[in-house]
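Each of the next two complexes has chain A plus one other chain: chain B in the first, chain C in the second.
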Partner chain A sequence: MGRDSQFWSRRVIWLALAIATAAFLLVKVKAVMYVSKPARDIYDAIEAVPASKLIVISCSWAPGTIGENGPQTEALIRHCFKAGKRFAIFGFVDPAGPGLGQAIAERCQAQYGRRYGRDWVNWGFNIGGIPMIRGWAKNIPGTIKRDIFRKPITSRPVMAGIKTVRDIGLVIEITPSLSLQTWVDFIYGIYRTPIAYACTGVMGPEAFPFYDAHQIVGVLKGLAGAAEYEQLMGYEGDALKRMPAQSSAHAVVIALIVLGNILYLRARRRGEAPERRLGGS
Partner chain B sequence: MRTRKWTIVVTIYVMGGLIGAVAWWALVQALSPIFRPVEGGAFYGAVSASVLLWAAVMYLLHRLPASVKKRVVVFMTFVAGLFYTLEFYLPEKSAIFFWRPSHTNPFTPMLDPVGAATSVIFGFTFFLGAFSLSLVHGKHIAARRPGYYNSIAFFVAFAAMAAFGLWQAYAPKAILVHDHWGLRNLSVRQVYDYLFISTYVPLGAALFSVLAFYMATAAFRAFRVRSAEAGFMMVAAFICMLGQVPLGMWVTHHLPMTGPLSHLRTEAIANWILGVFSMAGLRAVGFGILVGGLAMSLRLWLNLERGAFFEQEL
Partner chain C sequence: MRSPLLRLLMWLGVFGAGAYFGIRHHVFAGTLAVWLSAIATLAIYSILYRENVVFRFFEHVLVGLATGYGFYIVITQVLEPKWWNPLALEHKWYWVFALLVAAMFYTVYSKRWSWMNRLAVGTFIGLAAGYGMVGFVTELAPQLKASFKPLWSHSAPYVQANSLLFFITIITVMSYFFFSFEQRHPVVKGSTRLGRWLLMVAFGAIFGNTVMGRMSLLIDRLEFLLHHWLRIFGGA
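Showing the complex of A and B:
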């Protein structure tokens, strides 16, 4: 391929992808999702949390992955609001995470008649990594101390009776990274507190060994996971709206791979491309 | 000779570690009265005293000869690692802690102050990051290097986010503009929201979404079926991609949701590939990473690591 053709082929590919994505964002198409077992398991785990315990929604994501982690966070927060489960937003990986979770929860709470401090709380971003999580497990008020508005967390009614990790019914880690490992090693591994994982699409496969070993109760994989959850919850949010656009982008990528291989085989037949390289593709 | 040398090394480590751990425990017990929340003037006094103490300790450390500095780092690393190891592996409650009335692990109550100290150290890493970025961009501007205006943009963005972030945190109801320039009751919180929610969030998302365009180009140019393995990988990738989106689910939607035929649905095959083949490979990789990580941790903890930093003069 010459330099000119490479230059133009790139631009054509970008344009095709942009059109394929934008067209399905502008035209309303109803997406119907098959709800996978890992997603349903998270739903059941939230439903099973007793009223005496708190759910921790760990927002370990930044604006870069808002396209996937945003709808996941919203679907999970809506479920907690709808089911009347007490929850705390928390962050220990990215400083922006709890603020983004706060914005989502504030936007949704009125619809369910919920209030900050009484039904939910935001513990904010806490630095310290693994040592902090280990201390947190044994003494939540002593480690977190103040919420995002710098009020002592013990002064919030939602925190009544919440002292250690034994008072936590479920930890949901929402992240584009493998921060799940910290929860599995130091929280599930020691205290057997149920852990759920909502990750970006590319991180999904890495969660399956944990899920298969019952170290985590369920997995939400990327935007598709969020769409499955929205379907379970019975509302059409951002994820279900964006799924047709994602489908069409996937179709373009598949078409490009097929086209690329056709061109490659044609070039090979003409003797312009190498036959086989060691190590596959 | 070699065995004797190792016996001496291990004995020094064990004895030094135990003495260090006991000394640390005694130190924390002695200092525990000062690990109490303070408010108002006492708080600022404590912060000032801590900064002065820290400056004095850093000055003294810098005055030490390089070989002693290295030993201090090695000792601190070992004692810190030993503390968490002992706290983790020793039981929560046992008769071996006979000198404690509750027979509980004596290291557990120290998790809080040690965790607070760790958080402070982590806080310094943020400061170090900001300092390093400022230094790099400051040099760009001073030398008028090509694209130096991007460095100016960095300083403007950094200052704006830091100023409005702190301002809205400490005075959330403060009004920035009462009635000027066509703006009425513009609050600090609104400006911060504009900077964070309306600027930083979309910019971050846009930056990440650019990846999709590069992935599409890479798929066209690099994903070639040059061998049978590559062919298998491509088929698996197709099924997994289709299994995640409604388009793929629609392809096999006429198949029942339950019963033997349901296993032929795209999403079922995709989940099977992820849950069986992919998982086996990931487990193997995971084992390798964790064993390597364990070995690396031990090498760092026991000062066995050799390399660019570890052999460098401090």
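Showing the complex of A and C:
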């Protein structure tokens, strides 16, 4: 294969992917999701949080993964609003996370008649990693001190009765990384506070040892996880709207892998391509 | 003849002034933000064709924005409320020691005082190692326990099949990573070979999930370009 054809074949593949994806964003196709047990478990865990306790939505993501973590955050925030659960947006990994969560919550709150300060609060970004989380567990107002608007968190009605991690009903970690470990090691591991995990697709397989060991109550995996949650909630949000495009892109990728292998085998039969063994040498 | 740098600065000045006026007077703040986002998205995607100046410019803009935003957040949400205010407003003088410890990290640039940097770094490594031990007990021990699944039980056949598959996977993959002796025996060779195949399956699953994630990001940007920027079908 000449250099020119190699140069263009990649561009053609990307163009095919873009067309396959864009086509399903322009044509309305209704996606129906099978709701997996790990997603349903998060739903049940939120429903089970008593009124006296607060839910912590830890936004450890940045604009780079908004395509996956954005719809997850929105679905989870909408559930809290709909079920009338008090919650706090929080961040300790990425400085952009709490701001992104704030924008989503502000956009959705009017639809459910909720108000900042009364029904939810944003603790903002807090630096300090593990020592901060350990201090937070023992003294929440003393560690967080002020919300994202620099007002003392104790002045917000939603914080009434919230002193330590014993007053937290559920922590939901939304992240493209394995920041879940901090919560599992130092919050679930010590205080047995339930933890839920909403991660990007690539982190999904690594979540299941935690789920199998009951260290987390449930998993939302990538855009598909967000779509499952929207289905559970009974509304069509960004995730359900995007799933046909996602499936279409996957079909193109599978077709290209099959085609690539057929071309490779043909070339090998002609002696144009070297034989490869599984797993390297 | 004006230099290219001067011309670039001039255009940036005009662009910046226009953007400031628009945002200040709420004339076209939303539209401006959408257009800026669309231009930035297309500029970054231009790398798919080939390396180019526009891509590199927007790549640097992204790095600069992220750094600036991080710096702003650290000042306004960390240093000011958690260090400066207790020290200066609440007169908690002992917070000055935080500055001294932080300054120890910068002694790495001095041959004479670099031992102070080692003290600070060593303390942090010790802390991290200690936390790692806690993590081993609270995180890995329950996972090890959970990996002991019963092979024979009164549960549904698919649960038993799952447990058997889990058992075979864990034994064969662990045998693959056993390097203390040469793997000559046919049973061990077969086990390591199967372990390697099963690892490939796991890597395939991770790769498949990675593709799913990348496609989600592409869909997000395409949706933005089609619906919010070009306003084709159901635009905002």
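Methods note: the second predicted complex is superposed on the first by the 277 of 281 C-alpha atoms of A that agree within 3 Å, B and C clash if a C-alpha of one lies under 4 Å from a C-alpha of the other, contacts with A are read in each partner's own complex, and residues count from 1 in each chain.
In this section, a contact is a pair of C-beta atoms (placed from the backbone, for glycine too) under 8 Å apart; a residue touches a chain by one contact, two chains touch by 3 or more.
These figures come from a predicted structure and were not determined experimentally.
A.B. asks: Aligned on chain A, chain B and chain C: do they clash or fit?
C.D. replies: Pair status: clash.
A.B. asks: Which partner does A:G222 reach: the first (chain B), the second (chain C), both, or neither?
C.D. replies: Both chain B and chain C are touched by A:G222.
A.B. asks: Could you say whether A:G67 touches chain B, chain C, both of them, or neither, answering first, second, both or neither?
C.D. replies: Both chain B and chain C are touched by A:G67.
A.B. asks: Just checking: does A:K138 make contact with chain B only, chain C only, both, or neither of them? Give me first, second, both or neither.
C.D. replies: First partner only, chain B.
A.B. asks: Who does A:M33 touch here: chain B (first), chain C (second), both, or neither?
C.D. replies: A:M33: touches chain B, not chain C.
A.B. asks: Could you tell me if A:Q246 is touching chain B, chain C, both of them or neither one (first, second, both, neither)?
C.D. replies: Touch partners of A:Q246: chain B and chain C.
A.B. asks: Check the residue A:F125 against both partner chains and state whether it touches chain B (first), chain C (second), both, or neither.
C.D. replies: second
A.B. asks: After superposition on the shared chain, which partner residues are touched by A:F208: those of chain B (first), chain C (second), both, or neither?
C.D. replies: The answer is first: A:F208 touches chain B but not chain C.
A.B. asks: When the two structures are overlaid on chain A, which partner does A:S9 contact: first (chain B), second (chain C), both, or neither?
C.D. replies: So A:S9 only meets chain B here.
A.B. asks: Where does A:L17 make contact in the superposed view: on chain B (first), on chain C (second), on both, or on neither?
C.D. replies: both
A.B. asks: Of all the chain A residues, which ones make contact with chain B and with chain C?
C.D. replies: 14, 17-18, 21, 64-67, 96, 126-127, 131, 150, 201, 204-205, 209, 212, 221-222, 224, 246, 249-250, 253
A.B. asks: In the complex formed with chain A, which residues of chain C make contact?
C.D. replies: Within the complex, chain C touches chain A at residues 48-49, 69-70, 73-74, 77-78, 81-82, 127, 131, 134-135, 137-139, 142-143, 145-147, 196-197, 200, 202, 205-206, 209-213, 215-223, 226-227, 232-233.
A.B. asks: Tell me, which parts of chain A touch chain B in their complex?
C.D. replies: Residues 9-10, 13-14, 16-18, 21, 31-34, 36-37, 62-67, 96, 99-100, 103, 126-129, 131-132, 134-135, 138-139, 142-143, 149-150, 201, 204-206, 208-209, 212, 221-222, 224, 243-244, 246-254, 256-257, 259-261, 264, 274-277, 280-281.
A.B. asks: Within their complex, state which residues of chain A touch chain C.
C.D. replies: Residue list for chain A touching chain C: 11, 14, 17-18, 21-22, 25-26, 28, 64-68, 70, 95-96, 124-127, 130-131, 145-146, 148, 150, 181, 184-186, 188-190, 200-205, 209-210, 212-215, 221-224, 238, 241-242, 245-246, 249-250, 253, 278-279.
A.B. asks: Along chain B, where are the residues that touch chain A in the complex?
C.D. replies: Touch residues, chain B against chain A: 84, 87-88, 108, 111-112, 114-115, 118-119, 122-123, 126, 169, 172, 196-197, 200-205, 207-209, 212-213, 215-217, 219-227, 229-230, 233-234, 238, 241-242, 244-249, 257, 265, 267, 271, 274-275, 278-279, 282-283, 286.
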